[in-house]
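Written out below as structure tokens is the structure these notes cover.
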Amino acid sequence: MEMNFKQMQAFLQEHFPQGAQYGELLDLGEGTSKMRLPVDDQHLRPGGTVSGPAMMGLADVAIYAALLSKIGPVPLAVTTNLNINFLRKPVADADIIAEAKMLKVGKRLGVGEVSILSDGDEDPVAHATMTYSIPVPEKR
Amino acid sequence: MEMNFKQMQAFLQEHFPQGAQYGELLDLGEGTSKMRLPVDDQHLRPGGTVSGPAMMGLADVAIYAALLSKIGPVPLAVTTNLNINFLRKPVADADIIAEAKMLKVGKRLGVGEVSILSDGDEDPVAHATMTYSIPVPEKR
Amino acid sequence: MEMNFKQMQAFLQEHFPQGAQYGELLDLGEGTSKMRLPVDDQHLRPGGTVSGPAMMGLADVAIYAALLSKIGPVPLAVTTNLNINFLRKPVADADIIAEAKMLKVGKRLGVGEVSILSDGDEDPVAHATMTYSIPVPEKR
Amino acid sequence: MEMNFKQMQAFLQEHFPQGAQYGELLDLGEGTSKMRLPVDDQHLRPGGTVSGPAMMGLADVAIYAALLSKIGPVPLAVTTNLNINFLRKPVADADIIAEAKMLKVGKRLGVGEVSILSDGDEDPVAHATMTYSIPVPEKR
């Protein structure tokens, strides 16, 4: 692995100053990550369930962490495509968990998938796939 | 049209109490809508550009308004799929504009597309397609 | 399960008369299926690799079988959305395997994911998610 | 434009020897194309409508032509992502028309959208967005 758990935690805190809003790292593997989004009024829709954009934000960061575990700290990798299916209504007032896994890490593109769950529940509330474009290192 | 501009404005304000965060309605047609997301610190990434989740949130509401212009005020319509391509870096400190158009409005599903632009610029920064599931009216 | 392996085989043969072109059923579980597309000149691109549309066709049928294992023989279920990421070049002259799994089977929508592999290789050549619309049974 | 109509026609015929199966070029603009898929038994599903994979194949080639109109004859550009929404049942026994437009043509990625229609009908039967990865020219 190109980055360990502590390095990733520090990297995410540095690059996402709005941090808590984007979730906390629970686990990091070779091309995988697990993150939690604590329930918070700003993420809620009427009815107490987490909003779609909040889930998409968490999915995005979880795949980013899974990608960087393989390629190291590349701040300029950018999302080029996200496809998300919303499957079930999230459990009210429950934190949201994202489990991400890279399907491919090439020189120029990384593709990953992520399942989003309500904490404590088994059935996914959403599933997303995402593509990151990896900047080509400049020659010196 | 099942809802006019003023009715839609009132409906969005009622159902999105976090409102400003989701954007303001600029225009409404038969199956179309135009919305603006004012630049705001909470939407920004380092570098002054609008974040991905903020764009996705705006895209979602813009399609929702375009859908409701055809089917009337159905608060329980839910997004089932969103696919978004991020095309260019948004212009720093510029508001974000969404132009949405329904491709299909059936009895059970509505599918729309939306272009996201930096205010004052012609080239889209993102393009999304989205599916809404429309609840079946209960028989009495 | 609403259909067993033999029932599914018979159902697919009946509804896909062009059959071989769409693949053969290898395995069927509760909401899962495995199918093979034998290499055939009509599926090949220059270079001996299987074409994109051939992979999409196989993905479609594999999710369909996984869905029907849960809801029984519903010939009118139709694909409403397909999102596919092409990850690697398929191995030349190798059969293509699809492993499908439903993420959700509701009353009106079924959502599944499918990994496409070259036979004998571990890394997926493509990954797709798909939504099927399930017709509402008519009241009598 | 990097290629005119005649050059594109010749290029497609050379690179898609199964040609007719992939459609004929009707029009080519700066980042746009229009193609027709003649109805043919091999594309039909029971009921006389064109199959999903046949539409996806046509969508793919139409975007490819739109992309090459901007970057010239690059045979190694490959599809990395396709997202398609199926909107309506195609008209039975009608040819299928694809109208493609590039949303972005960068150095490494091209993103386009395409509407699929039954010939003679106004409402789209499908809409797709697609990403092509453009190979980096080798330095000499």
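For reference, chains read A, B, C and D in written order, and residue numbers begin at 1 within each chain.
Here is the rule we go by: contacts are C-beta pairs under 8 Å (C-beta built on N, C-alpha and C of every residue); 3 or more make two chains touch, one makes a residue touch a chain.
Values in this document were obtained by computation on a predicted structure and should not be read as measured data.
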Maximum centroid distance from chain D, chain identifier (CA atoms): A
Pair with more cross-chain C-beta pairs in contact, given A-B and B-D: A-B
Computed distance of Cα centres, chain B from chain A, in Å: 23
Chain centre separation (chain B, chain C; CA means) in Å: 33
Inter-chain centre distance, chain B versus chain D - centres from mean C-alpha coordinates, in Å: 28
Contacts with 2+ other chains: residues of chain B: 80-81, 83, 85, 111, 131
Touch list for chain A against partner chain C, complex: 83, 85, 87-88, 103-104, 111, 113, 123-124, 127, 129, 131
Partner chain A, residues of chain B touching it in the complex: 15, 17-18, 42, 46, 51-54, 56-57, 60, 78-86
In the complex, chain D residues that touch chain A: 80-81, 83, 108-109, 111, 131, 133, 136
